[in-house]
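We call the chains A, B, C and D, going by the order they appear; numbering starts again at 1 in every chain.
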């Protein structure tokens, strides 16, 4: 940690900073520059100390040196591979999660499960509890939806990925699902992160649309810290000034996170663009950028989907998409 | 709702849109322009219909005409006044909520409560459950903290404002608090919104740092829809490219929301800037912009605060701040 | 154009809107809804009329139906192919522009030109005039730099791409360059756009870091409107809250623009990420997303580059990058 | 400047960084931490050195300690007061610039000049050259417009503020105007900044909608560096995800810049909101935040304005606005 003093900060102020640093169990080192004095604090700086020093008299700002996360860091481990049923993610084979936004009926989810499985998907997505912006929108079939997902798994062998919205739902969702999804709106719902951290189910953690990489990795840290190592990070688009897409999909997240963490990186081109016509190109781009898995919204008839139809593609489009992605994957030495 | 067809959309596609509109119980009206055909759908368009039409063949885009919220709308009512103990918000008197980020001890919270009361505050803030970005940061004193807040209320008469983080905590927090705060990270935690909507406690709903006005008002709608009318909307800064402040505080939210909703608007200059030196100017600006209440972080010694010290001001600074804000309030015909 | 009236707007206000619409030579059509009245204006709405109507009494907002650009629109033409020397962009062959941020010496630019040509580039980039954030940074070799670029073209046959910063520099830059680059900071320097529009040189128009698609296409329209049809649009990253990269590179721009315009789309992964380690992955992703050309910063020794070293890759890295991109291009049926 | 090495960086890499630092004429200081080694570079770090070091082997990142601007810094001087005719800005009296977006006719500009002068304005704004997003929009009366502005000044004594769009226009605009405005789109048009820097006319420099504070102050530095000290910085709104206003007006810019620079700060609530109904509240808020001047778009009949009508207020509204702002100014010990 580097503490930058204000121009003309008094010796007293510098001494005070030194004392605080040492009272935290860190070593200090004062460097007198031509215009500014800076104090280096040596040792493990993680915790609340940065905030304390920022407020001390004569301090201009505090620059952290160490990343605030530990267990998510690539310094800990080279890579994590998440495997559940036929789904695999983090190694050379790219995982493919596909399915409708919402589970609508057993018939619907079975038909989609069979369709996406035939096209090459290894996991089935489908919402049973749906967080919706408006209280007047369809909120999901809840436990009935979970049962329909389980039936689809029984019929196809696909791993089931579904969202869990509250700590008290974790047991019931974990009973049916193979992968617990934390939605973007809940990325910083810490009680929920801790609850899924207590299970040993794989977790798909979606990036909040305004979350920095540090916040995203610290959210993962909450899960890892409870002992659950099966965490996948999912880029699903951020909120920017762009208005021609619903969100802006920043694919540089993929190689950046691969430098920083051992966790596998999933890309969601459906939410990441919010436009069905862009999903296919962005899926190919995600694979080329090094994504470890894709999660795509698919419905036999997007116009009739109960939610998210505008960003959902048909089964036919999904088959073409996967065929294209397979060729791109091979071009970079991976498989789908 | 206006459905804009693509250039050259077929008559069949237009007919299909018309049929869908009418099957939703709306009336349709086709307008053939020089370059595009548009179809107007007449009637109450709220619900899932927009999404369905966006996906239909030949449709370019769908432009909603009506706001998706009803109960939060100013068309429903001129204004809502929130009152609890001495705190009042939404009428000519401006509410003042002040206190530490976290409750640290009974001694600390009592001293601050007395100090802010003397300066003119009408409510005391203080976190008992603290949502923290890092799992390694202090997470709050929890129920013990609530008891300390209640003791401070008993000693001063100030209304208590404290955050509730999960639906299952609502009963216990409601037992001690006068105002239930929904934090920015939980603005779209719909189960939590519904849970506070079931109480009859006043709610302080903080804007998510990436939330649009429509999403913010729909979050309020979740609470209102459950029958709780005592909702205050709090602007606490948004996430933008700006890096010299922690968040960007967009004060135009205040007059904009006053045009759209009857709910009172609170401003949080502490989180909204993240810098203690900017809190005072932005408090004055918030009052001048028409804010109905302020919520300010105050601590006897910010350097020793267990959290948020960098944006916390001293009791002395708070006294000066309120004196200045009082003069600005009078200049625009209000009081503090 | 759809004019949405406020709730309860008077008949007088509606009549006034109708009169204004008709005085503009458009036809009007009034639709009385259950909650709002809307007026449709039929005809070519491009020009200043939207602004006038937005201000009229009783008007809530005005929704444009037609895109404000004409000549850049895909409705005009299927595609534009830009060709100059061996560089080609917009057809199945993907263009490759590479070179240093700044021209530093004849020796430097010749060595790089030979290196990137050998690796497969078809054009050479290099700045002679350098817009720099700080007045204390190196500002380019100016005309001397242009001469060095011309020498590199003579030696290699590569097309020369270089930035022009002011209308009065257009003649001299056009004398040496094959492609005139408009930098991101100048995307809305309309006098400059008009000046390059008067030439018949190809233009590489970079997106401003806060420009919407509509503004970007209208900037191109300024050039096209002066008769120059050889315009390439370059996505080089936008400014968002993300701080782990210098800019956020939104690759969905590529398929989106392909839907809207006939102009070829170039991607700049160097500025778009601002990090040398991310350039290679994002180049592959750009190709997979459908980019018509890449522009990459390359230097024999980035550490010694006079500018932009942190986002510049070595010649060896560039060779590997192109080999990988070639395989991805083939996977989607294109060539490099 | 602090150079943070990667974990496990070799001694060779550290030595290389030390050598580069010393070859730049700076002193170096190596600090070996528990997890990372950092190297402090002592001396004036301004210039291109940061970029070079960022690229060196084993370097993770470089943290600058000193601000990159010098002449704009508050460390140089306490405050700058800009005075021209009756307009004054930077001292206790708040400047008021008002007028139409575009000069439309001598009659129009004279009527507005008289109106705003009577209400209390000290300067007249009006565009003669208009940068417009669309090539099909009105582009200004150019030199004829300048003459009309001069006539309005002769009639009222108001100082004239008008935009200059290109270096070659600086002489002619400077002949008629008292204050040269640099528009937001040109904030980083460095040749234009240098050209106005060569004059001794006051300059109103508008913040680019995606500019950081550092970029904004460095743009001012370009002007100051050429010897022109009469620079005002104008906050006019930034581009964010917010869509209910045209731009987001971040008033914390005002107190922040007052901490960092001696230059006066102007606020533009018209462009900053893009909505006539919000201009008045945000003008009051700007004054309360400490703005040194306001610049407001005023037109006798906004509906008939040739540009920007949606954000333009009437003369009557402007009178009320100034009366309110005057009371707020008095409440904080200033005058209008």
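The rule is simple: a residue touches a chain if its C-beta (ideal position, glycine included) is under 8 Å from a C-beta of that chain, and two chains touch if they have at least 3 such contacts.
Since we're looking at a predicted model, the values are computed, not measured.
Chain centres were defined as the mean of their Cα atoms; on that basis the chain farthest from chain B turns out to be C. A comparison of the B-C and B-D interfaces places the larger number of contacting C-beta pairs at B-D.
Centre-to-centre separation of chain B and chain D, using mean CA positions: 31 Å. For the pair chain B and chain C, the distance between C-alpha centroids works out to 38 Å.
Across the assembly, chain B contributes 210, 239-241, 243 as residues in contact with two or more other chains. Against chain A, the residues of chain D that register as touching in their complex are 2, 4, 7, 29, 31-36, 38, 40, 42-44, 63, 65-66, 75, 239-241, 243.
Residues 210, 212-213, 238, 240-245, 248-252, 254-256, 259, 272-273, 275, 277-278, 281-282, 284-290, 324, 327-328, 330-332 of chain A touch chain C in their complex. Residues 46-48, 51-52, 54-57, 68-69, 131-139, 165-168, 185-186, 188-191, 208-210, 214-215, 218, 221-222, 225, 239, 276, 302-310, 312 of chain B touch chain A in their complex.
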